[in-house]
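First, the structure itself, so that you have it in front of you.
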Amino acid sequence: MKLQKSELPALLERIYSEVTPLYGVGKTADYIPPLSRVNPRQFGMAIRFVDGDEFTVGQASTPFSIQSISKLFALMLALDIVGDDLWKRVGREPSGMRFNSLLQLENENGIPRNPFINAGAIVVTDTIVNHSASPVKRLEQFMASLSGNVFNRYDPEVYVAEARTGYRNAAIANLLKALGNLEGEVDVVLDSYYKQCSMTMSCLDLARATESLANKGKSSFRTQFHGERMDKRVNALMLTCGLYDAAGNFAYQVGLPAKSGVGGGIVAVLPGYFSVAVWSPELDSYGNSVLGQKALELLTHYTSSSIF
Amino acid sequence: MKLQKSELPALLERIYSEVTPLYGVGKTADYIPPLSRVNPRQFGMAIRFVDGDEFTVGQASTPFSIQSISKLFALMLALDIVGDDLWKRVGREPSGMRFNSLLQLENENGIPRNPFINAGAIVVTDTIVNHSASPVKRLEQFMASLSGNVFNRYDPEVYVAEARTGYRNAAIANLLKALGNLEGEVDVVLDSYYKQCSMTMSCLDLARATESLANKGKSSFRTQFHGERMDKRVNALMLTCGLYDAAGNFAYQVGLPAKSGVGGGIVAVLPGYFSVAVWSPELDSYGNSVLGQKALELLTHYTSSSIF
Amino acid sequence: MKLQKSELPALLERIYSEVTPLYGVGKTADYIPPLSRVNPRQFGMAIRFVDGDEFTVGQASTPFSIQSISKLFALMLALDIVGDDLWKRVGREPSGMRFNSLLQLENENGIPRNPFINAGAIVVTDTIVNHSASPVKRLEQFMASLSGNVFNRYDPEVYVAEARTGYRNAAIANLLKALGNLEGEVDVVLDSYYKQCSMTMSCLDLARATESLANKGKSSFRTQFHGERMDKRVNALMLTCGLYDAAGNFAYQVGLPAKSGVGGGIVAVLPGYFSVAVWSPELDSYGNSVLGQKALELLTHYTSSSIF
Amino acid sequence: MKLQKSELPALLERIYSEVTPLYGVGKTADYIPPLSRVNPRQFGMAIRFVDGDEFTVGQASTPFSIQSISKLFALMLALDIVGDDLWKRVGREPSGMRFNSLLQLENENGIPRNPFINAGAIVVTDTIVNHSASPVKRLEQFMASLSGNVFNRYDPEVYVAEARTGYRNAAIANLLKALGNLEGEVDVVLDSYYKQCSMTMSCLDLARATESLANKGKSSFRTQFHGERMDKRVNALMLTCGLYDAAGNFAYQVGLPAKSGVGGGIVAVLPGYFSVAVWSPELDSYGNSVLGQKALELLTHYTSSSIF
């Protein structure tokens, strides 16, 4: 990385000014009312270096619905609980298909391709559910322990909307059950899953919560994870599978492990250097934030940051 | 058809003796306990000519679980209710895939290929549900009006077992809902669907209930259907889609429109001549009765019956 | 069938007048120049009863490119040569996919679903090639022996155009070879296949050539086939697979076994009664003649003809 | 990376002794005779640091058939010729399917998912063919300019064997042509493609030839590439798509951008540090070298090397 940290504030301002012309190119997620009602013209960005220095721009402290970014934290928690046993039930390969496809599941005996497609994430949630007295509370506490913010909870309004319209996820969970890869009751697992997807965090929360992925597993707010170098492995999964069907292109353009959500958030890490979170609600056709992707591309461009 | 009706009793006895050596070649459906517990070595056959003459052999009056044969009656009822509007929501083409595949549904915007695959049958049931105060009672009455037997009802034990293990059907119904092709509530439609599949009839009931398909739409036990020549069209659907993935082969070997169920029953018709039902619980790998198929093949062979 | 033969001339005139308003609804095949250059506003129809009576209307004697209808004759010839051994290499089930799909071939070990999709037809041609000194000549002679017209030959101009643009067929043939289901050399088999598809016949030729399918295997111009009741089985295949992806719908609407070609021809039979051929170059999106299908639908409607 | 370079020789010996017990676990590629005849119990490894220091163990100087590793060099050459225009014809996403699947190609209008599956590699070769007077010679010279070894040429015996059995590649090329994504003649492009896959190099050649990918695009044997930072982008593609269907798992286990071939070779890079090549002919079920993968896993484990 070519950059003095003292240049960061100016750089973030520059990025901010360069991405805002993209307002209107994408559009907010429309599948549930609470997401579609969000003011689309918002942008926030927070970067946290492994030494603890933090820099922000825009609405970096505004909480938003993290949606699929929660799959990252659920994965970390499940790995912390069951370790590599998780991989008996979920694969680690890119899916090459729309993130909610059922075809692959049928063809491959109910083993989802990876933990970031919905089917895989539901199996991850199932793992947490079956090892926890209060799975949602446990996940909330896990995330609070990573971000240091006990207000990182699920949003009841978003949860209700998710549950009300979650027919496709219900199809996936039932198919997993039919194929023998769901231990819990379908309704119970889905309830946890919808709550998990409804978690609310800000860019700053997310940059802190992913610190361990940039810092060899060490977190400022939490004792060490059980697994050795979980960060390295989770980063590999983010790079190959983290941005739905656009993971390959993002790796090519940006070159950082990252995970996105349809709430408009994206987290990314440069291992050894920093974790970063961006948020802007307008999405491209892949479900990834338009301004968020551009901001990360500019950040890596101006700082010559890339894992490659 | 080359046959004197007086030869029928001897012919049915001959067929009976020629198919029983096949006991043990197939095996009973094992996906729900009530079906797997049925005595597998049973065989019944009933043939009803359009003039009302009936001939039977074996356990032709033993009630059994008609399972997917119910899709035929549900289709007839739905066509009687909404007519050709049904085809806006279901196709009429063979599926070319295992009868419960979800892939096709995703690729073709939620329009099931035909009314005999599970997805299509669930849409048919949805149609009945949305036009009936008591859909299950209506279907029971419809079937009783066709067979003349008011004891043709759903079996509560089979229904409970179907509902308890119906994850794949739940996946299908939820996917249909997600894709906008299910009007009713998922749980309500599935409940009706499981009850419909749990209907109990005998070979003789079935031969009578399908009389209209052999007799230009006329039924001895019921007034005319609304639709003109529904029989012709339903027969076409049976021929192209009636035996799951083995429809083409059955058309080639037997040459009669037919519909099978995993309870071991098969109904078939020779338009203008007769309707026939066979039952024997042991199934081949496609889910079709081994002895049942053989019996129909022998019947058409010995009588030179074929629509072709 | 409800009809006096004396009414046929008037009926055919009526049908003619009722279909011609459909000129312009479809469009001619555009994938090779010789087909796209055909005058689109042509219509012919010929019907031949099993007693030898023939009736025609329009351009019933104009030769046209029979294209995929040739698959029917190639199938009959291959069955005549190798009998049921053919079914070790080709299935008898509808494909449920666009007629030239490669997916099914990969998934099912190189066994094409049926002899009327391109992959299946290429295997059929391969069978003829491997049992014939001069396969194309043999097929020409076979067809002439069925139609009684020695001028039924392949059109060199169409052949050259087919060969020049046949990349998809080349893909299929190479995949069949890779999967172990092509005995001949790829180029040799394709050459025969392109010539076969380029055969030229008129409606009258076709009605005569399919007489055996309406008449229990008997042909006026040729001695008996080897196989017993090949007609019955070929008719079953036509009904379930004869009109590409529209076979189910055609069975539902028309109810006759039939085979179509992108040259605009369709042959159909009512077993025991007649064979019929129609031709009009404008096609619907499935590749079937718009006027041809309508003419057959009207014929069956006015005469109450249907196998169902 | 935690390692003194002085420890390298001992480390490579240790790795060598730890992987050789795996002889016999995999088996050599059997699809063409020249590959199946290779002595399976061979292992070589060469590592080249960006400062030019080189270390080897085993048969690091033995030339072998690089097979799909050639796709990496062809990609670099094509990018050097046409730049980002290449991406109009090839995607950058993992395929999620067996490396030679045709399904994806049909569904996505002939745009291969990435340049490392066969379909994508054939499009890359097509690009080179259409911009070169002597495409094979150009590729040979390009590779020699990267490795500094003018003896890196194609092996005529392997080429002939590839061409003789390349039906699946012929299917792919014909389908690409049918779908409008092949400019050259099918036979011409395939000829170049088979020759490219038949190139022969040693581990040492490969470690040198991939130096630029570890060293920000700089090569010791060649002037700069045209494109800016091509290395970064090619590395991203290797990481997400380089090991067929096992790319995700390799990223997870090893964490280096890499490209494998069925000749048993694998190249990998740690950007900023080193390029490395391993070779051992016995393959796992994915077509990747068993000992090669293990050697790279041990190298990264003992040196804590990973991009993550």
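Order of writing sets the labels: A, B, C and D. Residues in every chain begin at 1.
One rule holds for everything that comes next: a contact is a pair of C-beta atoms (placed from the backbone, for glycine too) under 8 Å apart; a residue touches a chain by one contact, two chains touch by 3 or more.
Listed by chain with UniProt protein names: A, B, C, D = Glutaminase.
The structure presented is a predicted model; accordingly, all values stated were derived computationally and were not measured.
Q: Tell me, which chains sit next to both chain A and chain B?
A: Correct list: empty, since no chain touches both.
Q: How many angstrom lie between the centres of chain A and chain D, each centre taken as the mean Cα position?
A: Taking the mean C-alpha position of each chain, the two centres sit 32 Å apart.
Q: Provide the C-alpha centroid distance between chain A and chain C, rounded to the nearest whole angstrom.
A: The mean C-alpha positions of chain A and chain C differ by 56 Å.
Q: Please list, in label order, each pair of chains that touches.
A: Contacting pairs: A-B, A-D, B-C, C-D.
Q: Over in the complex, which chain A residues touch chain B? Could you list them?
A: Within the complex, chain A contacts chain B at residues 101-103, 106, 167-168, 170-172, 174-175, 177-178, 186.
Q: Under the definition above, what is the set of chain A residues touching chain D in their complex?
A: Counting only chain A, the residues touching chain D are 91-97, 104, 113-114, 231-233, 235-237, 239-241, 245-249, 251-252, 255, 257, 271, 306-308.
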